[in-house]
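There are structures below to look over.
The two complexes that follow have chain A in common; it is paired with chain B in the first and with chain C in the second.
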Partner chain A sequence: MAEPRWTRRELLTRGAGAVLGGGAAVAGGYLLYDPKGDRGLPRWQPRLGLKNFFAQIDLPAGHPRLSVAVGPEHRTEELVRAAVGGLDPALGLRRFVQPGDVVLIKPNVGFDRPPHVGATTNPEVLRWIIRLCREAGAREILVTDNPIESPQACFSRSGIAAAVETEGAKVVLPAPAQFELVLLGQPQARSRAPGTAAAWPVLYRPLDRATKLIGVAPIKDHNLSSASMTLKNWYGLLGGRRHQLHQTIHEAISDLAALLSPTLVIADGTRVMLHNGPTGGRVSDVRPGGQLGRPVLVASVDPVACDAWCYQRLLGRDPAALDYLRLAEQKIQARVAAGERRFGQRDWLAYDRAGQVVTTTL
Partner chain B sequence: MKRTLDQTTVPFTRFGESWQNVLRITSIRILVQAAMFALFLSFVLLTTFANLDRLPGLRHWASKFLEIDPFIALAAAITTHTVYKGLLWSLVILVPTLFLGRFFCNWMCPYGTLHQFVGWLFRRPARTPNPSGAQEPDPANRPAAPVRQPWWRAANEYRPAQRFKYYLLVGLLVAAACGSLQIGLLDPLCLLYRSLTGAVLPAAQQPFSRLLGSGRLHQGAWLIGFLLFVLVAMNLVYPRFFCRVLCPLGALLGVLARFAWWRIDRDPARCRGCDRCRLDCEGACDPHAELRRAECFVCFNCIEECPEGALRFAFFPPKEREVAGPDLARRQVVFAGLTGLLFYPFVRTTGRATRDFSSRVIRPPGAVEELELLERCVKCAQCVRVCPTNVIQPAWFEAGVEGLWTPVLNFRIGHCQLHCTACGYVCPTGAIQRVTVPHKLGLGEYVDQGPIRLGTAHIDVGRCLPYSAGIACQVCEEVCPTSPKAIRARYRMRRGRRGRGAESAERDDAPPVPTVDLGLCIGCGLCERECPVVGDRRAIYVTAEGETRSQEYPERDRNRAVRVPSQR
Partner chain C sequence: MPTFLARRYARKLDAVGRTERAVGTFILLLVVGIVAAYAVQVATDRDYLFNVGAPDYRAADARRGAWPEPIEEFAPEPVARSDGSAREVENPFPDPDLPGWRTPVRVERFDAENLFAKIDGRADLYLQHGVAGLTFGAYTHADGDHTIDVYWYDMGQAEQAAAIFRAEQDAEAPRVRVGEEAYQVGGAVFLRKGSSYVQVLPSRLDEDAGAALRIAEQIAGSIGE
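This part shows the complex of A and B:
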């Protein structure tokens, strides 16, 4: 039988409990109070840019900007070494990759296709690039892409996963945690055209981790933008329903060209897709070296010039007519004028006249 | 009945003396059950495209657990008059059942194990051990109908409701004989596989979706998950409700158990009527009286519990101490058969499988014609599980009542990957045939018959951006994986303002518009998945029209809206 009367202790503990509980409720309510209703919403706060992967490269002014290596496909190693070596005969890739670097390689793994139909980067080329990075002392080598079809199947079918794994590099699959919103283009351009968004999910995590960025892109016909080369290759870093950007595809590609300043790009012209791009699917859609007729690799520190060269020499089309190259040049030059250290000009003949285009034939 | 003193004092040890427990038959049973459950779960977990790609041998093993199910084999044999490939493995269960009884239910069935485990986990602690059994009523003067028994004892008492599963079995088999295979709705292995694939695993992945990639989506997952939950939760009110009352596979095995050479047998000379054998009786098969062999799961709990050693697993024990077959009323069996018989004409009268088909019912590559599919598909959802793009979905009612949970393709979620034929490899019944990649794509020796078409893409010109808004897009053309592309951009000739005569001269300044080449389109749905017009209906969408599987059955009056010209 309980004591029928309140004890002092009971009175105090119960009273204190009520006061504390009430006080906590009032304080909590005050702290969480949201008169407008927008406090609980996520902030629209995209990253304003990506790091410049070229800025730290010590490249003397007169050095070659574009290096072309032509040779049979079975001599892939020599092709890769010649293409990269053309940019710096003494140091080769060591000019660009220093010991301790984390190198991010961005191949094109867009489709669930076997390597011989040329819809994806040639895995043998990728293998030798990874090996060269390793020789240069890279601490870690990451390979990433956000394919259109199931990533696992694309990496596996294209032979890229096998090449990457046997070389001891690492595939970064495009899981949602790898993406962050990044501003494409200029902030004021937010509403410039339907289908163009200023901020878009980008495979930001691996880019953030890397200290060097190498783009390795196959040269392909493209139904909408005319050609998929090293600049269009950056599309693979986008997430979301990125095809909505296709409505202004030249703007989108040139925005990406301005946003990403790679250490180096390598155009893979071993199997050039001349028609039915960008998916292809038949061997007859592909020709080694395209119009040139022999397998080609192009290494360059100027992605715009590299694309212009490939567009003209491999696809046999006129770079002056390609909108995204013109826009990319404009946007990169605007950034150069603002003090960024990088190259971006369509006129590869100007490099040629200055002796900055090197061709090696095996 | 006279008993000697030594018979009444057989020591009752339960989790008492240590190491001997390990060798008890029930402990071995629990280990086997755990191993079987783990095996089933690992088959489910392993059956993904990535694993099949890495371990090519796995494709022959992935569906083994469904292939040993004799109910699937029998019902599919009734509908198709064949035993498809791996289903011959069901003899591994069927033949031993003829000797041992329903051992499958309490030794192998992962769904039974789940029910038993959950029942054990949440059961009421209502037991009052009474080792001597001395206060129990003597069997001789045991009341015929006990007024009120402790919960556990009532729970494991045979109830007439247990007949229901036999009526279900009869109804399902009669419907199968008519040509509608509905066994997958309740077959425990199909049900468990579907529940794990469609609801449990994707739900478990959700909290980690940022790391592991966005989880898989399954239409109608809520119902699949809710059904699993309700059936499992029933164990709290009615132990092993599903196994005892609903399971048609259990019913089939129960019928077969009539021929068993061995069964649990009670020696009335030793039994003191303590009823302890009903304490943990899984099947509610009355081991304390005449054993109902059709209900007995051969769990051996009764033997383990008996303080007198009166129960044993005996070879051809006396006939008078058993109820051999299921306790069925003939009228009800006939009624169940009639129900199955009526089900068939009623569902077929809807015309959902024939003329009034839904053009959104797009079946996986290699799927057989619709009526054949309804004879084969057991709704196990293995194809749903293995699909790398998540495009295969358990159907809702778009394929009719019969087609509930059969595989359909949802191109808003995924697309059919060109070089993938994984679904056909795991299908246990051949509803999706094992086609190779060259067969699917119409290459090599299949060049004459062309690729397998799932359907045809159509453009909604009212929503397509180049058509309706003059905005350049062409994403569908870009992603179209056939070579040459089935979707091509064309400039539209417009009837100009200057009148009819000028039309050939005046080209629209609007961007080119996509057009579909019906001869080349295979209905893979990549265009629909990638279309930037993301509303509930994309600006390009695939329908089942022109699908290959229906082309050879013109008399079935299905899917002939698009006459597909030959490819070359």
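This part shows the complex of A and C:
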């Protein structure tokens, strides 16, 4: 095929057009090039809050707020079904998880310790919660935590990774791009610059993706906060130099309690660390059910009441003396008064008097 | 056939020269490459949306290096002998001299500033007792299925080691003759000697109790008087 014959005018015109087009493309690429990507974006405006994962739950007024299941060892499935079923005997978890939901489960995978130490969530408990979510029709089940130590070591050694993967759920590992600054603290702290205690990196992306949030926390002694239970569990969603919050740990835990409104929480009392928390190490520090002496699971739509019950009945301590419970109740009740739909009260006995504490003994 | 939008400029394909076709192809490939690069970057940052296989824990560990606190970790380095003639490995953890068990090949060291990166809130208790540092290593069994973790705290002074030993002590646990003071509970051994406070924690409690005790004895023996 013969090359087309161009006139001088056509050659100059086409050549100039090519040069202009190429030059415009190069100039555009140079102007648009951003080596930092999203990480270079100024983060001066933290997110002011997170989704309320309980707001859309249709829970009738008289329904239980706390469901306690007590049972023998090695009957984890029955314990999980009894605890969750106690919140709604007819629907069980289907009251909270609907077909198509993306469920984010937040266990404690904080430490590179085997399950028997009790420093992390019992993988068998997690396994059955995942199974119940799937039975309820969840489209996707995610499991996440930002461990203290290496994620590989923590997820593996705790048995959590194996439990998640055999049940067909998905582990979401922490990565810098998944964190975003969220306001943690009082509204009047909004004027503070980021990097201070008011704006903190939170594992935001999985929270944003999920439609339901379930916290599953072991019950442990803690040398700083006195106890680590369902409210302290949210600490594992923080990034950055979170150890700096140890100085004001009760404020930090209560701020997290106000920030996060889960669909429900499950307190894992199958192995209660009574002493030397949060890391433990001695089997003598751990006892099934703590003071009760038998494995216990507590499911609740009120994390504050759940923690108060566990602090009293499993750890044998006075909830009135636990600062972060008092602060959490104050902060959550302030939000309830402002119109937010959620529960947060320390007085679990009030639920008991109203017949809203269900206990199932296997 | 002229297109609706390019009626004025449309040409027959055979009227497009080789040079023009080559340049056009290059530009098209460039555009495709840019789109693909963007997709890959998005997939990398939001891997939970795109990955179809098992989570990449090693990559997560590598990415976390930019986020949490720095930790000094090392594989024991060879050091020169005094005569410079040969090199030998210096490992703070002694050979357990047990069939199937291997000395830790990866050792982590923490000081008072970053101790929290290993034991989180528990670090405050050790700081109150004057901890100078922590050396951590895991003895592994040849079958790869069980380990014995060793937390070797340098408490700075013997009195401080004794104080933290007492603070965490299980008063009812049976005593064992290791170091200056020790006990064993559920297979785990807790000992103190000099300024050292050592926790030897088997992953299999009763099965590896004997191995944990042997390792504790070896460690205590390696601590100078």
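Note that the second predicted complex is superposed on the first by the 311 of 362 C-alpha atoms of A that agree within 3 Å, B and C clash if a C-alpha of one lies under 4 Å from a C-alpha of the other, contacts with A are read in each partner's own complex, and residues count from 1 in each chain.
Simple rule for what comes next: contacts are C-beta pairs under 8 Å (C-beta built on N, C-alpha and C of every residue); 3 or more make two chains touch, one makes a residue touch a chain.
Remember, it's a predicted structure, so these values are computed and weren't measured experimentally.
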Simultaneous placement of chain C and chain B on chain A, clash or fit: clash
Contacts of A:52 with chain B and chain C, given as first, second, both or neither: neither
Which partner reaches more residues of chain A (counting touched residues only), chain B or chain C: C
First (chain B), second (chain C), both or neither touched by A:116: second
First (chain B), second (chain C), both or neither touched by A:170: second
Contacts of A:312 with chain B and chain C, given as first, second, both or neither: neither
Contacts of A:222 with chain B and chain C, given as first, second, both or neither: both
Chain C-contacting residues of chain A that also contact chain B: 111, 114, 148-150, 152, 156-157, 173-177, 222-224, 241, 243, 246, 249, 276, 278-279, 281-282, 285
Chain A to chain B touching residues, read off their complex: 111-114, 148-150, 152-153, 156-157, 173-177, 194-195, 222-224, 241, 243-244, 246-247, 249, 276, 278-282, 285
Chain C to chain A touching residues, read off their complex: 14-15, 17-18, 23, 27, 41, 45-49, 54-58, 60-61, 63-64, 66-69, 116-125, 151, 168, 170, 172-173, 185-188, 190, 199, 201, 203, 205
In the complex with chain C, residue positions of chain A that touch it: 1, 3-4, 18, 25, 37-38, 110-111, 114, 116-117, 142, 148-152, 155-157, 161, 165, 170-179, 205-206, 209, 222-225, 239-241, 243, 246, 249, 276-279, 281-285
Chain A contact footprint on chain B (complex, rising order): 49-50, 53, 209-214, 388-389, 415, 417-420, 465, 471-475, 477-485, 489, 526, 530-532, 534
